[in-house]
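Consider the two complexes below, in which subunit A is the common component and subunit B and subunit C are the respective partners.
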Partner chain A sequence: MSTTTSEPTPAPGPAVAPQQVARTSKGAITAMVLAIAGLTLAVGITSPFAYVKARQALREIDAAPGRLTGRGMAQAAQILGIIGTLYLLAWVVIGFTAGIGGVELSGVLRTALNQAFGPNAIVYALAAIGLNVHFGYTGLLNFGQAGFMAVGAYGLAVSVVTWDLPFWLGIVVALGAPVVLALMLGIPTLRLRADYLAIATIATAEILRLVFGAVETKSVFGGSNGLTGYAGTFQDANIFRNWDIFTSGALGFERLDLGIVDFSKRDLWSMLVGWTLVAICCLIVWAMMRSPWGRVLRSIREDEDAVRSLGKNVFAYKMQALILGGLFGGLAGLFLALKQASVVPSDYSTNMTFLAFTALLIGGAARVGGPVIGAMILWFLISGLGAFFGQATSGSDPLVPSWLMDNTQSSLVRFIAVGLGLMLLMIFRPQGIFGDRREIAIDGR
Partner chain B sequence: MVLLAAIAYVLLSPVSAAHADETEPPAPTESSSPAPAAEPPPDGQPYIRVALKDAETDAPVTGVTLTVFDKADDAEIGASVTDAEGVMIVPIPGNGVYRVVLDEDTLPDGIELSSQTSNEIEITARFEVNPGLFPIGVQDVVTTPFAERLSGSLVSGVKFGLLVALAALGLSLIFGTTGLTNFAHGELITFGAMVTYAVNVGIGLPVVLSGIVAVLVSALFGWAQDRGLWRPLRKRGTGLIAMMIVSIGLGLLLRNLYQYLIGSSRKSLSQYVSQGRHDFGIVKLADKEIAIIVIATVTIVVTCVVLMKTRLGKSMRAVSDNPALAASSGMQVDRVISAVWILGTALTGLAGVLLAVNSQINFLMGFKLLLLVFAAVTLGGLGTIWGALFGSMVIGIMVEVGPLFGVPSSIKEVGALVVLILVLLIRPQGILGRRERIG
Partner chain C sequence: MDADVAAPTARPDLSAIPREPGAKKPDAIVVGDRITRQFGGLKAVDVDHIEIQRGVITALIGPNGAGKTTLFNLLTGFDVPDSGDWSFNGNSLARVAPFKVARLGMVRTFQLTKVLAKLTVIENMRLGATGQNGEKFWQAAFPARWRKQEAANTVRADDLLTRFKLDAKREDFAGSLSGGQRKLLEMARALMVDPELIMLDEPMAGVNPALKQSLLGHVKSLRDEGRTVLFVEHDMDMVRDISDWVIVMAQGKIVAEGTPESVMADPAVIDAYLGAHHDTDLRDLDESALEAEAVAELGATEEDA
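Right, the complex of A and B next:
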């Protein structure tokens, strides 16, 4: 590699650029740091990034000869990045075949994929689809989605258990309750500024959760233990009940083993119903958002006053969006109630709203499929991290020393990571994976 | 061999009264044991108390660790060590079946459990929320006059209001100057309490010194947060809603980090855990409660004077009114915002310290308070100092006095949240706020 020839020499002639002080390329330094970190601390995890960063830095340096130095460093970082990536690949291969320090990566991957396609992801996908209508398309900052989910779930449970109504009537109540909540919440609050709306909705969701869990309302809502015994009709309708495709898995539960994923009969039935619901909801959102009605919603997100000056009733449109999104939220709650056959007030906490928001932002707001992909990725990461650290801290000789992390603490790492991830996502890529930066209502007040 | 009998009984506060200790000390179930001396938690929570006595000499057994678990999900509710009277108290969240486990390793030398005594007992806590009913197993209870209960509730409302006010001042200052609706503000309260706990129990400094250290560390944390996170975001031109979501992520991260560090049980400081209350005629207050009220009041007054009279306060108000104009008049906006973060987090950290002294430390303590702080700030008017103070006092008194007028005490916070929503609907600028602030 002849570096001397590539040194820029001020060419004789009139076109001499003003003398600039050459500085070392920042990209090259970053790449070098990542490469060294990958080889020493991070088991090669940062090495692929080092390689990519080094290539970018090389292009930048070549594009601006004389102004940026550090070509040698970038090249070194590129080579170290390749070595580190191979190192990482070796670990992955060993991890899948033999396991590292008691952690079997295939088991971790299995758990993660199970959850990414399982009923939990469906709940969050439905909730995030609702938030997408609110926040992604209309720009309404609803931090009370857990409240909509709670009234959906309790709508069914209370009608069937407390009022002794038939199951189908319970479903009707469960779908009516979020609409009523949206009307009650929307009429007064939709005039408020974004952050006030956020506080008002978060407070409403908390009020609902506290009232549902209170001792005083135990005869209706079942107190902190919640309600059970309403989902019989749903479970009896399970079409997989008599299918002969299940093998006896761990603890004697019958499971369908598909190699890398396995599901129980109940989960499979929940998934069939749930993913159908998700598909229908996505179809509705897709159809409505390409209609003139959807275009008005988007314009409200961009500039409310402009829409008003065109003679549109902004309040009515916002209300319709709140109802539609709330209905999806209620559906999420209803589905959660059906799949776990119990409603417990502590499930519908503010954290649930925040996680649904995270799912939406991962996939990308104002995109039909964004919330669905986001929920799957979120659950893949949450359960994958949980399984990894759970395994890494159990056994007699855990991979992670017990003074650093014990088995109880290991379940918290994933939520620390979610918090950190949400911050980084919002700072560096607010549009998520599929979103368009111009379509995110994050700059307004 | 010395035998030991474990006597455990549950004392539950009557829900209609704001304070468990406003009623006469209830006669314990086992009439043989003398009236207990340890004070129940002052915030009117139900609790489990255990008295350990040597069966032969009838002397109290001290220094024994007992842990209370929720039987339903086996979650640890809390642990405590028996004091000089052989008594320990663990607050419980409410009705349910609890398991109390005695750690036999912590029994003093020469004492062991008798062969008939298990080191585990189950306690069923059941109480109706009916003003007429009193703690199970309690006889001869004299009802406290309503006036006395009201004055007691008022005083604890004022105390709670002052604690909320400290946090609300912090929130209001930061919101006023930067426009950030900080959903991680509750975690700043917990931060103060956590640092106090770490310095007090971990290093062993007295509580007062630990509190001072905690306030200083909180201020440093605020400065670092602004420098490391919020200032770069402002420089990037990140929108306010994006920053709000970033603060949600930060809150999630910090909450789980706290739980990672101290676990999910409640922790107590080494001093002032259970203090006797002095009778001041109409109210009864423990020394630490008086100290909390005095410290909070003095801090709030000093802060207000600083904001009103000094140059720094003036520039803070100028920046909060119009940052661009302030910058063009030669003020260094970034330095003013730094100062606001330092002051705001120090105040909030102090709220956490005082809360820790008042009751206990838990990783969720700040998050639980967050909406009440929001309610207080909005009620008074976002971004105004007097509004935050006024709103906090109203919320504090409302939460504490409400149960006396029929608000179910298990959901006493609901009233404050309803007020929050009503204020947002009727007068979004708050009672003392100005119209232009709501934009």
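Right, the complex of A and C next:
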């Protein structure tokens, strides 16, 4: 490729250097394969990519005349790509109006949007904002965010249910517990290298989950069934149930149904509180990270020793970051406990931490809005794919034949699909959706 | 030392100092005693007495593995010695954390430059300023508390960037700078701390010859504005050119001290760098005597371990 040949020399005989032979453009072949796959196997899903690839290939061929052949193939792929894209659009239109093989795309979209804006996305957004402070800005590899969430949730539940304290005191305990956890975790481990912190945090989170779920501590933490009956004050404060304008009159409704989304009054109340919390947390992160304090954190992420040599107490800054991020994690746990009105130890498994990390990476680390958008996209994909595969494998004549995937497998396939998508994201857009490509291009040191 | 060197500030007279290891200085900014650091069986640093004269450029030289960088790390708190005490401006620094050492006015750079790659050049500079209100947790969220200070720091940073000819790179990521520019940035950033003693670990390593001259000028200008400079260097031209005093280390010990001229003529220094037999033809060496010497040396090392 790097050798420059101005024009193909009509060299006689077999002694032609291989780089002088005009090759068929690889892009054109790829485009053709995508186009044919789109029309035959993949209901047109690959066709838009085929069109884009074919255009790229055409440009490449025109830029290097004589060196690359396959112009005809690229043109054919382009046309097939357009046809396939129309075919895909037709399917989408039919899918939304009539449904295909028992799959109603409008229903799938509705489920996905409900989850993208619903309380679940809020939990992960809050957790991911905390991880963003830890990992995105300070470079602390906290794999135990679920532990911070658990102490937040149990802080409230134990105070109200076991100790019989008032609700508001429970909230204070719930916010104090992650701070205490951060201090206990940070003092021995923050002097260590990053990977040791990761091991210590993941172990701590597991220890907490097992202690909260243990039979021996059932009288305090409620064992594997967890605790309930503490969220009454929160549910009673629901303005959508209490305020007259929402119960009768022009604004009155039983269930908010906007066509593409649909929420119960309980969810609406959770969402109002939750998104307000997310907004406040984002505001705090924004205000802190634009300050010189945030600059010290980002510098610690780059090189601790350099920051030390400039007279900054690195340990204190890392501790402050661990506490702040842990507090956001605790808030996520507290919100989860409030919105589902029960705490169950199995909710706070390592899965939760890793899904929160996924949300952070999708949105883009070290960006204020990254974790929020990431959490919304994550839940859109998980629930949308779940609904799609669920519908596509149910009924007497499912869209996806049962020898390929049955209904019980479909809920797992969505995670496989999300994982695959995350891999592709890391390959093609490692900085996430909001990230700055220039930052990734610098490999540091 | 040389009266004919036109120095803007009166430099201390070093001519009266005896040229011997651990020599007393008229006005020492750093004084260290019996500093040792052992890595397994190797005594990397074993310094009986060291004094660094205030207001001059002192070079710390020695062959690879002589313990120069380790001594740097020990003095600045980045490594903890097995024994010994040392002081800076009369304050004892034993077991003082590196960030506190820096705050006292003793700032170092690193052999492998440590720029903060994903911060811009100007952000790197601003980080260096000390006593920033905006770096305190409870004040950070309120720009009114730090905006004025930040502006003043930025002015100072811009002046330094102009002085080090990095002003064109102000908004670039530090990670995109060349090796020599990184050295300059690290030096400029250290100056943001406004140190009394600046310690440069191999400032010339990996710098192209064209930039070397300007770096030399910058190091000299540090002394001329009243700072004390201590640097580790392999480049003998640089040592001869800019240092007022040279301390030579070999195998963890200080083996010689003196002005550049006297040190470079010192047989102990030549031995340390080139080996004691460097000017003997190999054929003339008595092999059995050498072998006995090697055995004796091995025995000594084993005793140490």
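Following the convention adopted for this analysis, the second predicted complex is superposed on the first by the 401 of 445 C-alpha atoms of A that agree within 3 Å, B and C clash if a C-alpha of one lies under 4 Å from a C-alpha of the other, contacts with A are read in each partner's own complex, and residues count from 1 in each chain.
We take it that a contact is a pair of C-beta atoms (placed from the backbone, for glycine too) under 8 Å apart; a residue touches a chain by one contact, two chains touch by 3 or more.
If you're wondering where the values come from, they're calculated on a predicted model, not measured in any experiment.
Once subunit A is used to superpose the two complexes, subunit B occupies space next to subunit C without a clash. By the touch criterion stated above, A:T69 is placed in contact with neither subunit B nor subunit C. By the touch criterion stated above, A:Q56 is placed in contact with neither subunit B nor subunit C. Panel annotation: after superposition on the shared chain A, the angle at the CA centre of subunit A between subunit B and subunit C (CA centres) reads 90 degrees, nearest 10. Of the two partner chains placed around the shared chain by superposition, subunit B is the only one that A:L192 touches, whereas subunit C remains out of contact.
In the overlay built on the shared chain, the residue A:T233 is in contact with neither subunit B nor subunit C. Of the two partner chains placed by superposition, only subunit C is touched by A:Q320; subunit B is not. For subunit A, the partner that touches more of its residues is B, with subunit B and subunit C as the two candidates. Residue contacts after overlaying the shared chain place A:I284 against subunit C, while subunit B stays out of touching range.
Look at A:A306: by the touch rule set out above, it reaches subunit C but stays clear of subunit B. Look at A:I202: by the touch rule set out above, it reaches subunit B but stays clear of subunit C.
Fitting both structures onto chain A leaves subunit B and subunit C with a minimum C-alpha separation of 10 Å. Common to the subunit B and subunit C interfaces on subunit A are residues 442-445.
Subunit A contributes residues 141, 188-189, 192-196, 198-200, 202-204, 206-207, 210-211, 214-216, 223-225, 351, 354, 357-358, 361, 405, 408-409, 412-413, 415-416, 418-427, 430, 441-445 to its touches with subunit B in the complex. Contact residues of subunit C toward subunit A in the complex are 76, 78, 97-100, 102-103, 107-110, 112, 114-119, 123-124, 126-128, 130, 132-137, 140-141, 143, 146, 150, 173, 175-176, 186, 189-190, 192-193.
Contact residues of subunit A toward subunit C in the complex are 284, 287-288, 291-296, 298-299, 301-303, 305-314, 320, 438-439, 442-445. Here subunit B touches subunit A in the complex through residues 72, 94-95, 129, 179, 181, 233, 236, 238-242, 244-246, 248-257, 259-260, 263, 371, 374-375, 378, 408, 410-411, 413-414, 417-418, 420-421, 424-425, 428, 438-439, going by the rule given at the top.
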